[in-house]
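Take a look at the following structure, please.
Here the chain labels run A, B and C in written order, and each chain numbers its own residues starting at 1.
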Amino acid sequence: MKRYGILVWVVAICIGCFGLASYSAAGEVYPSRPIQIIVPFPPGGVADLVARPFATALEKDLKQPVVVVNKTGAGGAVGMQTAAVAKPDGYTLMVALSSISVMPEVDILFNRPPTYKLEDFAPIALLTSDPTILAVRKETPWKTVAEFVADAKRRPNEIKYSSSGVYGTMHVAMELFTHAAGIQLRHIPTAGGGPALTALLGGHVDCSSIGPNVAIPQVKAGALRVLASWGDKRLAALPDVPTLKELGYKDVEFYIWSGFFAPRATPPAAIKVLREATRKAVNTPEFKTAMEKMETPIAYLDADDFQKFWDKDAKRLIEGVRHIGKVQ
Amino acid sequence: MLPLGTHGRPGPGYFPLLLSVLLGVLGLLLFLRGGSSAHFRSIRWEEAKHAAAILACSFLATFGIEKLGYRITMILILGFLFGVVERLKLWLVFVLTIGLSLGSFWVFDSLLRVILPRGGFGF
Amino acid sequence: MGDTFHHLLLGFSTALTATNLFYGFVGCFIGTIVGVLPGVGPLAGISMLLPTTFGLDTTSAIILLAGIYYGAMYGGSTTSILMKIPGEAASVVTCIDGYAMAQKGRAGPALAIAAIGSYIAGTLSVVGLMFLAPPLARFALRFGPPEYVSLLVLGLIVLGYMTGGSVIKNLSMIVLGLLFGMIGIDQMTGYFRFSYGIVALGDGIGIVPVAVGLFGIAEILATAGQSGRPEVTKPRFRDLIPSRQEFRESWWPMGRGTVLGFLIGIIPGSAHIISTFVSYAVERRISKHPEKFGKGAVEGVAGPESANNAASCGALVPMLALGVPTGGIPAVLLASLMVHGINPGPLFIKEQPTVFWGLVASMYVGNVILLLLNLPLVGLFVNFLRIPYRILYPTILMFCVVGVYAVNSSFVDVGIMSVMGVLGYLLRKFDFETAPVVLGVVLAPIIEVSFRQSLAMSDGRYAIFVQRPVSIVFLASAVAMILLAFKPLIRKKRGFRDQLTDAEKSG
């Protein structure tokens, strides 16, 4: 019995020491522990593929392990909420896509308490930015946006398009365009970017607003045709494709961008370190090669510029969601 | 209440309602045919207390894994199951509990790089 | 033909280099471990290793990741057979007859047949991939929402044959599973359904916690406290090898499972688990002794395990031939290719023969490696069962918790697993089958979304289901099967089902 008692004390003291040790470490220079980057999307997706090389590049500068954790669900809301309420000590960060701006508005639309607010996040930097493109099947007769719009006006609600999900990036992008052009298309939501592409290739829908990386190989193989892009400038990979802005549709811009965020209450000292580290990381040759291989252009913007970009972009997206309203 | 939509455009409430009705009908049929099946009393519940203990551990794991941290939760659970429920020899309880908790943590966290939570105590 | 042979030689020369052999081995090994661990499935394993592959050569990277993928299908059957815990979601069906075989002392043969079936299926499906990839992939693309609905209607009818006994009970279980599958965001409109404010439920309750909970936890709950558990004696070598009879009974199910699995795997969006259920149902329907199923019929292991492996290979067909991912795992594999600068599309096979044929050849090699890995381990695994259950079950509980948590770093999943555990326990007590619930959870999103998508496509007209050729074929088959079911009633007054129930009552 006596031996048993002493044993318990020993174990308790050991556990206590462990605990104290981790706590005392927190008072030192940031970063002194491994950092976690939450990615609210499944592995293999755009956010994930940007975050992982980025994390590796950050490790070099911060001299601490930077681990990517996928926390998927609800179109990204689960991961974003986790990051929003995480302890703001600078050890839990997030890489998210432009859909971050959409979710709170959708919650408001459905009279739900918002899962998070845009103000919960402090932007650290914009990493990449890709405009979406309007891809149509090769069997369709439209060669230009003008033909497409004319046809759509002739037979409203007949032309079908696929999206990655209701209020998702592909949906909002398309709606921005249809609203500006005054046309009505039939929306077929699918379970994600992959199924949306499959539906388009299989001929079950006529067109779609997709990200360039997945579309370009199909275009090269002749299965799809690209009519326009939602960008500010023409895409380097598709120099013959006009932007919707050029064609006269003002303010119809949509980017699938990835950004690096921290909880708003993170100490400014930590954020400063992160901004500096990010600036160095995006300029490393390894990160540059990784992005080049994936044909994702780096569009680095530091925190203040990013905040301006984000605000403008968010405004556009929120307007789009309000136009869509509740889907019946 | 979720909108039901129309037959041509089913809303989010359409299928759940359909399935619930179906389940209700099937349940009713089962109930009516209940007379021909084995008696309720013939079900043996002898392991129920044991099962309840395991279940309690499982729920403790659910809530403890992030609040207390993986290792502490596992130590509590395994210690409880090995020591109290199964009443193994003390040294065996100790070895298994500490060994499995810390061992599995090491395998997953360090080797496989799956982040297991460290909880409020940092451990 | 000669062209393919030439390419294959090129492939082998790539796959058999020391580096690629090494990575193939590593992939298969990790895949087996990942498969054995409950909850953690190939998707988790592949995501964990994805970053490490960034620095590797493209062919090596894809060989490694693919190895994990089909390796996990081998490993998944191990815990299913030994402990009735699905190693990964698709192994749920193996839990039924595989575990029954283990209880009868035939764990070794069950594991062996699973390994051999997986090998045959894996190898044959790679042959299919090699020759038929582009045309099959194009066919797969023609599966749109209406085809899914018709196919699943047919599938559900086929599955009605899956278990004998009370049709009503099984139907209720499927409906229950379907209802569970409704939890989460409604894809078509954005409403949250049944999530009660818990955001984590917004994505639905997930197949992994449900499978591990309903089978693994429920099993522990039901058997842990029972006195008089049979002692497992040290197996003799003879007991580890399947008997000649078992071999004879397994060949045809392996073949049928392979074909079924491969075809189902090609269809984008279908889950592997569907192929295992269909294989099980088909084997049971065709068998001359359907009453054996559920009590240790080796066909119930051979068929589904082959289907499993064939489906994982089939899922790669559209990805490699057209650059279209059929599910989460092919999407990650696609991503790993993209990271290396290769954009898979319809021209992938032509433009990257080294990668494609290297992968194909490595799959042949990988299957051999896995067979050689798994067969000798059968003896080791069976000895596992000899650990006293009092020590074993808390360990199992721990692995279940870790495995389920690791999938999405979410304690909510662990909670779902616990709740499902209670449910599974109660269902067993009241003599309900739990496998159909898992199937329902998997099918629910597919059926509902496809149905509503079809109606969205046709703007509300139901005629779309009979306007497309593939859809008509499936619906007609479904009707035919229903009519066939009535035939014995008209002819002999005793249906298949009654014979089955009689045999069960007396046997």
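One rule holds in what follows: a residue touches a chain if its C-beta (ideal position, glycine included) is under 8 Å from a C-beta of that chain, and two chains touch if they have at least 3 such contacts.
Everything numeric in this text was worked out from a predicted model, so none of it was measured.
In this structure, the chain pairs B-C and A-B differ in their number of contacting C-beta pairs, and the larger number is found at B-C. Chain centroids computed from C-alpha atoms place C closest to the centre of all protein C-alpha atoms shown.
Taking each chain's centre as the mean of its C-alpha atoms, chain A lies 34 Å from chain B.
A straight line joining the Cα centres of chain B and chain C is 22 Å long. Residues of chain C in contact with at least two other chains: 188-189, 191, 409, 456, 459. Residue positions of chain A touching 2 or more other chains, listed in rising order: 69, 328. Of all residues in chain B, those touching 2 or more other chains are 3, 9, 11, 113, 115, listed in ascending order. Interface residues of chain C, counted against chain B in their complex, comprise 44, 48, 166, 168-169, 171-172, 175-176, 178-179, 182, 186, 188-189, 191, 193-194, 217, 220-227, 390-391, 393-395, 397-399, 401-402, 405-406, 409, 411-412, 414-415, 417-418, 421-422, 425, 429-431, 448, 451-452, 455-456, 459-462. Interface residues of chain A facing chain C in the complex, by the touch rule stated above, are 42-45, 48-49, 52-53, 55-56, 68-75, 77-78, 81, 106, 110, 112-113, 115, 157, 160, 165-167, 186-191, 194-195, 197-199, 201-205, 213-214, 216-218, 220-223, 290, 292-295, 326-328. Listed in rising order, the residues of chain A touching chain B in the complex are 4, 7, 15, 18-19, 21-23, 36, 67, 69, 328.
Of all residues in chain B, those touching chain C in their complex are 2-3, 6-12, 15-16, 19-20, 22-23, 26-27, 29-30, 33, 37-38, 43, 45-51, 54-55, 57-59, 61-63, 65-66, 70, 74, 77-78, 81-82, 86, 88, 96, 100-101, 104, 108, 112-116. Across the interface of their complex, chain A is touched by residues 3, 5, 9, 11, 72, 90, 94, 113, 115, 118, 121-123 of chain B.
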